[in-house]
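Both complexes below contain subunit A, partnered by subunit B and then by subunit C.
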Partner chain A sequence: MMLIAGTVPIKDMPLTLGKVTSESGYLVVGGRSIPCTQGTGAMVSAALATTSYLGLEAPHALLVGDIGKGEGSRKLYQYLIDHIEELSPAVLALHYWLPNMSQTRQLCAAVEKCARRPIMIADAASMYSAKAAGLAEKFDIFTPDPTEIAFLADPEATHPAYIARHLFETDITRAPELARAAYRHHGAAKILLAKGAIDYIIKDGEVLATISEPNVPALEPIGGTGDTITGLVSAFAFAGLELHEAAIIAAKVNRMAGKYANVTPATKVREVIAQFPAVFKDYLCQWSSVCGAKGGRSGD
Partner chain B sequence: MIEIDARGLNCPLPVVRTKKALEGIEEGELTVIIERPEGCQNVRRFAESQGCGVTVAEKDGLFYVHIYKKKAVKSASPGQSKNVVFITTDRLGTGDRRLGEILMKAFLNTLWDAEPKPARILFLNDGVKLTTEGSEVLDSLKLLEKAGVQIFSCGTCLEYYQLKDKLKVGAVTNMYDTVESLLSADKVIKI
Partner chain C sequence: MLFQEVSQAMAVEKMLKAAGYMVRLVAPPPELRKGCDLAVEINLVEQPGIERLLKEKDMAYTSIEPIRAKTAPLLDAVKVTDFGRWVMVKAGNMKITYEKESGVIVNVSGGGCPDIPYLHAELIDKRLDQAPRPKALGFTLCALNLERALDECLALYSGGNKT
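Now for the complex of A and B:
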């Protein structure tokens, strides 16, 4: 099972766990409709599109409403702490929630008790709390944007809003240097997928791959197009791809889907996700190191 | 024997699962059940690239790819290099055609005798006429294949010459694989 956990900005939405389906442009989890606009919804949508194409089980999502008060986030953490061992997901992908270092520590301790340790992926606030709690190295993949890499690189910062030396860092070309610092200070997961105008895949401080093509600048201002990369990499990791390859292909797919969708700043993220199957069909095998054939879908 | 049911899975997943299964055994057999011919071809090509023996059976619309892994098949045999022979013509040299055909036959025969043998022979353009029905060098190529040399023919070229159904030795490849083979070779010998 792939489990994606995060909050959604829906007031009073109770903690909801279920296999994800899609209906009329909405995600459906445990009988509740979730818009695919940005954040966790975009991430789950991207993962669902990927598993659907590949023929894998759809992701499970553990969602809760939280409009910034933290109550939903605390319930989410606690549910995972109490149930992760029985859920036993192959991939645990964490997204938005109000950071809580103490509960993050408890969650990581609970994960260590699992018979089979899940692949741990974190983006956004779950990545902040993992880093701030000194547990970044327990994670397999982080998917930071430029500001977040600066946060990971700053040993003193406990949140991206409090970066000492890199306030409002936006220069993605500094990602390799900042990533090296992040690894030095134990602030990075095993693999970093640094998302930006150039995407960097970094392992143990070394840049494994740099992806800058196709160059689709209009993707940047579209809400959720960073979240989709995290959904993609989570699904590819669930599919059994090597983690660095999952990260590389995720970055490529997102860019190519932006190109296929002819995006403008007004494009919705769901229009980008809708292009994933076409990109998979045309490129997935070609981009995979084990397959290498032209085209991804056999038999078409 | 390990069985991988890859029905319903799109590429590259059948290959990913095959790779993981092969990594998990030192030697042995596995069968991959797959629905689509292209996926079957991708699994076959991957297994062969790992030095495994492969046979394919088709039954009730499904492909059963049987893979045999021998101990330490991944490493090149002592007499095998990482060199690639790239053959883009059906004869050797540019003079008389018949002489060129005789020289090509002699070249491939000698290649089978030589040590170290190349890791791969890639056939492109007119070269694919050597791997297909009616070729005078099929026996030599089959001996080379038995000796662990991978034989690949360009799929586009086979289609162009309408020889796809007449391939008699080795497997079909594409330009992606061809480029990768050339770039990763220790040495490329172009004929």
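Now for the complex of A and C:
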């Protein structure tokens, strides 16, 4: 299974685990409706769109309500720590939650006990806590934006709010240099999908690919378009693509969906996600080795 | 001043400023960190009065320690991007985009803490001057960056310089 874990902005929503479905524009997990908006909702929606098109098992999601106090986040961490061995997902994608270094360490230790180690993907604050706890190298893929890659490169920073000013002042073209620094400081996952005006796919400090077309600047202001990239790369990894290939395709799909949706800075992320099936139909066979046939890690 | 929870640090900083103390939110040095990733920097000379005030207000904190000089301050830089009809303001890892003419927030992006999707829902489609303050509703450093982005948006919009 592919398991996505994260918080949703619904007060008092209890910890909920279930296979994801879609109904009337909402995600449904364990009988609960989740809006397809910025954050974990957008990530799950993108992953579901991908698995649906490829004919793979739908993602499972472990969600909890948390509007910032951290109570839900702590429950989420603890459930994963206690149950990851029995859940044994092929892909474990971690997203929004209140970063907790201690529980991140416990989770990584629990993952090591799995009979087969899952592909570990982190974005948002789960990436922050992994880096801050010194455990970035335990992860297979991080998906940082320009500020976040500066955060990964700054060995002293425990949150992007604390990065050195000169790092904040840089742009995405410095991603390769910052990535090398991040790898030197053990602050990077095996693969970085650095998302920005140019997307960089970086492995062990080496740039494997850059994606700059189609150029759709209006994607940046749209809340959730980074989350969709993480959902896409998680699903393509679940489909069995090599991880760097999954990252390349994810970046291409997101850009092309933005173009198809004729996005403006006022566009909502659901309008971008709605274009994924059309982009898959037009380009997936051309760009990748998956064309909709069942396979990959779905049976795992 | 060290704390177990980010929300405790933010509340103490807000209360102390209202009481007239010159304080600021900082990253606690790794060698001092006992709880969360946010501390309140105070003048040690004022420690007794601050401790008394915190006790009166029944506000929790872990301890007060001398701070080393090189502790990184919270990032306060912002970037502004003009999209023609819209403006995007970035503060740290957070971005707010509004329509120049109406001042309506059309998108909030970036961040990774759990209050951000909540704040996204609360801010979207509201005018800058009618939107709730992220610092009032949020609990994390991401919310603090969002607050700075909103401040900059308001300055740009209300200053008549809508770009």
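Definition applied: the second predicted complex is superposed on the first by the 282 of 300 C-alpha atoms of A that agree within 3 Å, B and C clash if a C-alpha of one lies under 4 Å from a C-alpha of the other, contacts with A are read in each partner's own complex, and residues count from 1 in each chain.
Throughout what follows, a residue touches a chain if its C-beta (ideal position, glycine included) is under 8 Å from a C-beta of that chain, and two chains touch if they have at least 3 such contacts.
It should be emphasised that the depicted structure is a prediction, and the values quoted were computed from it without experimental measurement.
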Which superposed partner A:G25 touches (first subunit B, second subunit C, both, neither): neither
Which of subunit B and subunit C A:G240 touches, first, second, both or neither: first
Touched partner set for A:P214, first subunit B, second subunit C, both or neither: neither
Which of subunit B and subunit C A:C285 touches, first, second, both or neither: first
Which superposed partner A:P14 touches (first subunit B, second subunit C, both, neither): neither
Touching partner for A:Y53 - first (subunit B), second (subunit C), both, neither: first
Of subunit C and subunit B, partner touching more subunit A residues: C
Those residues of subunit A which subunit B touches in one complex and subunit C touches in the other: none
Parts of subunit B lying in touch with subunit A, wherever the complex brings them together: 8-13, 15-17, 19-20, 34-42, 45-46, 174-177, 180
Residues of subunit A that touch subunit B when the two form their complex: 53-56, 239-241, 280, 284-286, 288, 290-299
Touch list for subunit C against partner subunit A, complex: 5-7, 27, 30, 37, 72, 74-75, 77, 81, 83, 85-86, 88, 90, 92-93, 95, 97, 99, 106-118, 120-121, 124, 137-145
Interface residues, subunit A side, partner subunit C - complex: 7-9, 35, 37-41, 66-70, 72-73, 95-99, 123-128, 132, 145, 147-148, 151, 156-165, 168-169, 217-218, 220-226, 264-268
